[in-house]
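Okay, got some structures for you below.
After this come two complexes, each holding chain A, first together with chain B and then together with chain C.
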Partner chain A sequence: MRYTEFTPYDIVLLAQGLGVSLALFLATSAIGLVLGTLWAVTRFYRVPVLSQALAFLAELLKNSPVLVQLFLVFFGFPAFFRVNVTPVEAALITLSANTAAFVYVIAVSGIESVGRDQIEAARVFGLTRWQVLRRVIAPQAAAFATGPLVALLVNQLQVTSLISVIGVADLTKIGNILNLRTLKPFVVWTVVGLLYYLAAKLVALIGARIETRLRAHSAWRGL
Partner chain B sequence: MQLDLSVLAPHAGFLWRGAILTAEVCGLAILGSVVLGALVAIARTASSRWLRGLAAVYVDLFRNVPFLVQLFFFYYGLPELGIYIDAFTTGVLALSIAGGAYASDAIRSGILAIDPGIIEAAEVSGLSRRVIFTRIVLPIALRTSIRPLGSVLINMILTSSILSAITLNELTGSGRIVASDTFRPFEVYAVLLVAYAALTWTVSLAVNLLHRRMNRGITQAVA
Partner chain C sequence: MLAIEKVRKVFGATTVLDGVELVVEPGEVVSILGSSGSGKSTLIRCINGLERLDGGRITVDGFNVSKPRELAEARKRSGTVFQLFNLYPHMTAVGNVMLAPVEVLKLPKKEAEARARRILDSVGLGPRADAYPAQLSGGQRQRVGLARALAMEPRYLLLDEVTSALDPEMTAEVLGILAELARSGTTMLFVTHEIEFARRISNRIVFLDGGRLVVDLPTAAFFSAAGGMAHPRIAQFLSKMQKD
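Moving on, here comes the complex of A and B:
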């Protein structure tokens, strides 16, 4: 017996898929933000070999397709390092590293956007390098980087759709399953696309809120 | 656990054909998206509110829905409408439409950067609106937006790897076949990663050269 009609349970399936997509998006974004910021900090401290190696790695990750990175981790790592990699682990590793590479670039330009004179002044006042980073650079760099970071995260949300190719049951995979069962591509992919669209808009909205708050100190308040 | 690239030697020709296919798809798609992008950019800078709104909706929609979902929409949806086209044409079509959204942004900012005095001068000279657009606005806008269009192309090269999901054997698709033939997924995907990075790096160098050549006279003013 074949169910070619839509059933109420399909809504549950779609909600599950959306949940998987969003959970992976949130997890990889959080890891990527922390990791990318740490990479940028090693550059700020001018750690000899490490900072160059990380810059090269970021360049490599930025300039190659996420799909190939995903295949490298999912198919390549088990064959080469003799380890077990589940689809979700592969997705977590790849997307986190990929996000980190882009965050690194944004964080570096954020740090560099703070004028050298400010850093010198703070150093003259006797602040340590860490204090300069934490108290002087970080607040300004965060305000500077929020816009690009939100754009990046909206993009990374869409990149999560690729993990359906290695078998993670995310929103796109659910769309595929429903499409093959009902053979109604227009309805299925329109609904899936709409869900992604709404999620992206939500991310952008939250990002805009955060940006306004971070920039509050420099906002025009009127006379 | 030993990196042995010699197993790939017999498959080099096959991978090369995949790379050629990637180049063909991207070449056609960048052409399509610049044409589409220019048309949409004109609509987005038009004086008609309806035209502007319509173009904005198109850009917003195709930038906020994952490319994989768009691709499935076309790949499964078009036959439903009675349009039977192969994976190659579908891929070029989908890439052009998605790339057009990004290209229109680049060209639009090129149009907005034009000094209004130039357009006023053209109007005063009695040129028709069509001539002003094709002979004055577009050449300047395209010239100044070469660099952002270049990053659209680079993004397109990376995105084209997703076409392997609809059975098009471009570079990534060929890589998947070679990986399952040789049982050496790590080597195959590592080579692909480096190959894509080298390709996009070369393209960005070429774009920079082209940008400098096209903007010889006005580099100071626009760059």
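Moving on, here comes the complex of A and C:
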């Protein structure tokens, strides 16, 4: 048997790699969405010190390469804090924090896109700040932010490929292994690229559905 | 009783309200006239706590709007209708009207919705209750704005140039409802440029000029030669408004 041939088992390997990529993507997106939104809420309430600290942290995360952040967590944390960080843990921490930083920026602009008149209309009827945030600002900010958020998530899905560098067996890592064995880079990377493409399309499609629903109220605008 | 005592409001170097005194008793309809920039809208925004006072005191049934703890009670007693409607675009007409009753008065959802539909019906919007603001005409939107304020069963209705953004036909829709409310004894503080209408429904008319309250007279006296018309500023304002 020649090892340069493709075998049916390679499909299973690729599917496993895709599974790892998607699982990490979903987990880090969920954590990032929750964290980033919470950061934006601390800013809405103008929590002293905390909101400034989080804004600074988001700046650092947004403006440095994800790969550098990944190396810092994977190699830097064990050296500095004397803790063991597995590749998957490093990937989870880095990607979640990075997603959170961008979600924070989008959520803040979403909140700021809601007019003062909306807040005043709710306040004069006696709604508390929290009620205004939950019932008046959040739904409108969500409709505003869905487009940018979906674009962000599609990008973060591609960014997960970086974690192959520290040894997580994601789709790119599997592609790398198959490539070294079969020596057919054009076939391997085309298939891997196509799988990322399909996954990204799926994310965009779901996002578009959600956006349509959130914007139902303005469907008549522009007629 | 809605009591405004020596109220002062300053924006930077401009004094917008300068020692305004006004009392509105339950059941009264008081119209506030004055040219643009005379401080009418600012006065309304001071009463509902959207602006902080720089002097004086405003109490709604004894609750001081400048004290955070009492402001919530004061706000429960007054309902504001805005010039530009300020409806929540992501909620239907019913959603707009029932939000505050559910969140603030803690009414059960079903009850709040029934109340909202009843009030929308009374302003002629029963069939449009499930439409979003973007699907409604300007006059219909302002009637939702009115229904939203009425749903809180306010003791005092604060109307801030509620027809200024509407064409004459839509203005008539909204004024018809206000006339109905006035007849049924709803207390109103009515900032407006609709002088003829103010004359018809008001018990008293107040004239503001440059942040000062010039006169506070019963309606008939305000329009008489010896009363309001004796003030050159008011005579000038009325003659200009009636020419248009």
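By definition in this document, the second predicted complex is superposed on the first by the 218 of 223 C-alpha atoms of A that agree within 3 Å, B and C clash if a C-alpha of one lies under 4 Å from a C-alpha of the other, contacts with A are read in each partner's own complex, and residues count from 1 in each chain.
FYI, contacts are C-beta pairs under 8 Å (C-beta built on N, C-alpha and C of every residue); 3 or more make two chains touch, one makes a residue touch a chain.
What you are looking at is a predicted structure, and each value in this text was computed from that prediction instead of being measured.
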{"item": "Partner chain(s) touched by A:Tyr9 [first = chain B, second = chain C, both, neither]", "value": "neither"}
{"item": "Partner touching more residues of chain A, whether chain B or chain C", "value": "B"}
{"item": "Touched partner set for A:Val124, first chain B, second chain C, both or neither", "value": "second"}
{"item": "Residues of chain A at both interfaces, chain B in one complex, chain C in the other", "value": "none"}
{"item": "Residue ranges of chain A touching chain B (in the complex, touch as defined)", "value": "59-60, 63-69, 71-72, 75-77, 79-82, 154, 158-162, 164-165, 172, 175-176, 179, 185-186, 189-190, 192-193, 196-197, 200-201"}
{"item": "Touching residues (chain side chain A, partner chain C) in the complex", "value": "117-118, 120-127, 131, 135-136, 139-140, 143, 216-221"}
{"item": "Touch list for chain C against partner chain A, complex", "value": "48-50, 72, 75-76, 78-80, 82, 84, 86-92, 99-100, 103-104, 132-135, 148-149, 152"}
{"item": "Residue ranges of chain B touching chain A (in the complex, touch as defined)", "value": "1, 3, 61, 64-70, 72-73, 76-77, 80, 154, 158-162, 164-165, 172, 175-176, 179, 183-190, 192-194, 196-197, 200-201"}
